[in-house]
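Heads up, there are several structures right after this.
Consider the two complexes below, in which chain A is the common component and chain B and chain C are the respective partners.
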Partner chain A sequence: MKNNDQSRVFDLTDYKRQDFSVCLGCKICASVCTVNDLSENTNPQDILQKLFLGKDIPADEPLVRYCTGCYRCTGACPWNIRIPEVIRALREELAIESPFEKAFKGSLSIWGRVYEPYVLLMAIPFLLKGGYMKHMTRWMEYMGIHLPHKVKRA
Partner chain B sequence: MNYGYYPGCSLTGSANKLDKGIRQVFAKQGHTLKEIPDWNCCGAFEFGDRKELSEFSKKNLEKARGLFSEIVAPCPACYKNLREADEQNEFAVTHPLDLFDDAFIGSIKPVHDLKGQVFTPYYGCILLRPKETAIKRTTVMEEVITRFGGEVAGEKVKDRCCGGNQIFINKSVTEKLSKLVLEKSKGTIVVFCPLCHMAMKTFSGERKVIYFTDLLLYIMGENVPKLQSKIERGGKEETT
Partner chain C sequence: MKVLIIGGGIGGISAAKVALKENHIVTILESSAEPGGIMARIANCRIGFKTFFDEIRDNPRLTVIREGKITSVEKKDKLFAVTLENGQSLTADKVVIATGLSPYDPVEYKGKRVMTSLEYDQVIDQRQGELPGDFNKVGFFLCVGSRSKEFPLCSSVCCSYTIREIKWTLQRAKPEIKVFYNDLRFFGQEFYMEKVYRDAGVTFIRANSRYFEEDDTGVTVRYFAGGELKEERFNYVVLAVGLRPNPQLEPLSKLFGFSLNEFGFVKETEPLTTDVEGVYVCGGALEPMNIKDSILTGFGAGVRVLKGANSLQQNSAVNERLYKEPEPEFSFTENGSKSCLFYLGTDDAGAAMYYEYMSSKFISMARDVARAGKTAYVVTKNMVTPSYGEIAYEEARREGIIFIHLEEEDRLSVNGSLAHITGPGRDLQFDIDRVISFDDYVKLFHDREFLSVYRSEPQLRWNPTKWGRKKYHVGFIRHPRDPRWETREVLGAIGEMLLDDEEERLFPQVNDERCSGCGSCKEACPASAIDLLIQERQISIFGPIPMSSAPIAHIKEDTCIGCGLCASTCPSDVITLEQK
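Let's turn to the complex of A and B:
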């Protein structure tokens, strides 16, 4: 990511660059990070530091790709920094969006709500390619089928 | 008591069991849930722009204004988004687990008990973090299970992440994280979050995954034919 794009990351979150100056570098965020349970080597503190210093963050950084938004880092952070929201903004800035997320937003713009059959239909090529179809039988056990509701004042 | 009700998108579809369960449990306790008229999606976790995300929930609060002062939102993502959008604390946005207090548990007249069965109450992430929006009653599921004779297991994984947020982005992430939780837990997994339910159900194999509301209804003697085999078989399989 180019340095000059980083200001947008801050615009998207509730943070300013100087807010990350308080990071003590204790790495407690890394010690509790769910992404590290995946045998990936990641350090959220490193991302905060890079944002503070205006250094590049690669799109293939494991935390950017796999952050689950679990907020374990925030719970452990002495400054309560909401790292998942920073990562979510980074994903937005880096235009990392799965076809499912695209379909989710598509449903919102049509109906104002997520209509799951539409989302699944729009994401079918992705679901086929990603080996999701084998789970379909189980999903159908509890999936409620209904007609979409269009929000009038969305 | 009359509550404004925000079901959220999942509860109209893949989590319709949770919706039905909540409505039944509240009705049994003499409470009325009335949907916020024409509510829209809260945006879940899909938006990187905090202001854009907040706008969705602000619209919902706008629709509730003048109609409700207390809003119940069962889906953890919806609950968090609504709480955060209510910057002035104009509404009491509440999660059902916080309404299941001692008086509520004490008022349950049990038809079935949970003796001889093991359960892992699994809260997941968003009900317990971040602390500003976390629920207050963080052991309510354990309290109910033990009070009605069940055994609680898997305390160490109750707040771990199932990776549900990544299920339609990087499935392998969810698979690995859900299996970690499944391995370190015992018996039937009791969940409240629609996303945890989906992630766990997808990778649970023969293990049973149920909503907490279904467990409550089973204890209360509701929907028994449907729930009996699921709850009794699921809980005992692990003990043998």
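Let's turn to the complex of A and C:
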């Protein structure tokens, strides 16, 4: 990511840069972040600092990849800084949105609501490539496509 | 004149003292069962408060109303007619608002082993019996319920209180102690205390946490420091809770008609004065402050009650005793450089007392640089901006000044135009044109006399500005701090002088004939009031020797505080303590 793009990241969040720059550097967000269970030593405050300093944020940064948007950091943060929104903007900026995220957004722009068959259609390449077919029976249930009860569930 | 003081905490009692000294009729209205406020909740201060209060408790002009609540106030010709909940009614010419502060209650984190600092105080209170059996590891977490979006002010006392709690803990047991902080906002002498406890094995970690998982045997805490997430078990976790304005201030402001500021504290029109005539304010109703400052503002509000707008018209008697140290001349010119790095950090505990002054200076300098369209970086080891100072810090953060917080082991090095921050799990480089560091300005303070004990003594002190017998210090000498305090300090000093008018005093007398001039009294004197002067005198050893000269102790009347240490130290009982 280029240096001058960092202001765009803050624009994308629909908040102002100053809503993020109030950060005190206390690292409370890191103490509660769930990504730490998945990939060690994740510090959301570090992402903010890198953005302020205009540093590159690699696309394989664990927080950018695994953030679930649970807002635990925001809840614990003294200044209620909405870090998941920064992460979402970063994903868009770095073009590493998950196919589901893309599909949901596409569905919203076409129908104004989430339309599952469309989401499924858009996600098929990802599901095929990622080896998710073995769980097909389960996620088809989630999608609202119910299989006969005799079909074995994975 | 009738004076009504709302709040029987340390501030209210101090104001009452000054008013009683001038023989006015004083009523103290206390909302709880016994005067004391937060100060009396701290075990080590309870006796101190009692002693302070006992001096006026039996004064016939003083009435203390316990568990009183005001229902209505009417103002007629500068006279306040106040009705209480139990139907009692009183009149008052002057009113002092001394409602004090209210500690934040972190219900979302509290448990049996996760407690607030005031609850922990009861645990380590000697009068409450033995310590719990599993008292091996204690963690302190600062800035809970302060410096946040909800309440942006810094409580200014939690750090100081925590270092004292560490002291009281170590006096009773030797648990492993870890302190998790954002900034260590100590004042003066407390930085030496910090150094002592660091050397004694207390760990300070510049990170905070809100991950507390409590079970029957301890608390699991996660925190992020040194570039990695750490998980640790503590037996007890202490949350240093912030101080908020008293919730009673709001109904009181409606009853009396004075206004509050956006944080819920009383708005000062002039120092210690509200915008309603005849209503004055002191202590924690103004801003979060420590006990000594509450006493100071209490005395000041007392002076305001007595003299109103004329409080600051000083007569020569006051001027003679008041010593004001002016602020040093501070210069900063913003030159053509594109980016500027301010390094706010020192390893010297002695220079650390200037953190407060330098923090506010660096913030305003950095804002100047940023306004000129340049990039300003502030690399901090410790940012000391207590109470309202935090607002300027917040604005600076919002304005886009980049604050980089150094952890305990992080180091900043500057190589040409490249700033490099290294530490465990940290490697940060960025370009800069100009470096301004704390040490560049420390020379401002070199030839100046500072009294680092003010505001920061480990013990309580009932005369906040008094230094010597006829010396009252205000201004920059007490401690480099915000200018809004200067007038408050002068008012407090005037109040103190009023109280200090002594009819009689103890003064040591030296028996010139027998003094051997050994100098042990000089060493013992805490106020340096003893000089050894050479005096001509006749010495008789096996019959008189004509004339000879020998040193003898001479006590300076102005500096002597009458403590009597010289009399008890003197090896040959030459000094006697007599009433003068």
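The rule is simple: the second predicted complex is superposed on the first by the 127 of 154 C-alpha atoms of A that agree within 3 Å, B and C clash if a C-alpha of one lies under 4 Å from a C-alpha of the other, contacts with A are read in each partner's own complex, and residues count from 1 in each chain.
The definition used in the following text is that a residue touches a chain if its C-beta (ideal position, glycine included) is under 8 Å from a C-beta of that chain, and two chains touch if they have at least 3 such contacts.
In this text the structure is predicted, and so the values were computed from the model without any measurement.
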Partner chain in contact with A:24 - chain B first, chain C second, else both or neither: second
Partner chain in contact with A:133 - chain B first, chain C second, else both or neither: neither
First, second, both or neither for A:12, with chain B first and chain C second: first
Of chain B and chain C, the chain that contacts the larger number of chain A residues: B
Contacts of A:42 with chain B and chain C, given as first, second, both or neither: second
Partner chain in contact with A:52 - chain B first, chain C second, else both or neither: second
First, second, both or neither for A:80, with chain B first and chain C second: both
Which of chain B and chain C A:105 touches, first, second, both or neither: first
Touching both chain C and chain B, counted on chain A across the two superposed complexes: 80
In the complex with chain A, residue positions of chain B that touch it: 9-10, 12-17, 38-41, 43-50, 59, 63, 125-126, 129-131, 160-161, 163-166, 168-171, 173, 176-177, 180, 197-198, 201-202
Residues on chain A engaged by chain C in the complex (per definition of touch): 17-18, 21-28, 30-32, 36, 40-43, 49, 52-53, 76, 78-80
Sites on chain C touched by chain A in the complex: 143, 147-149, 182, 207-211, 221-225, 227-229, 394, 397-400, 402-405, 425, 428, 430
Residue ranges of chain A touching chain B (in the complex, touch as defined): 12-14, 34, 37-38, 65-66, 68-72, 74-75, 80, 82, 85, 88-93, 98, 100-101, 104-105, 108, 112-117, 123, 126, 130-132, 135, 138-139, 142-146, 149, 151-154
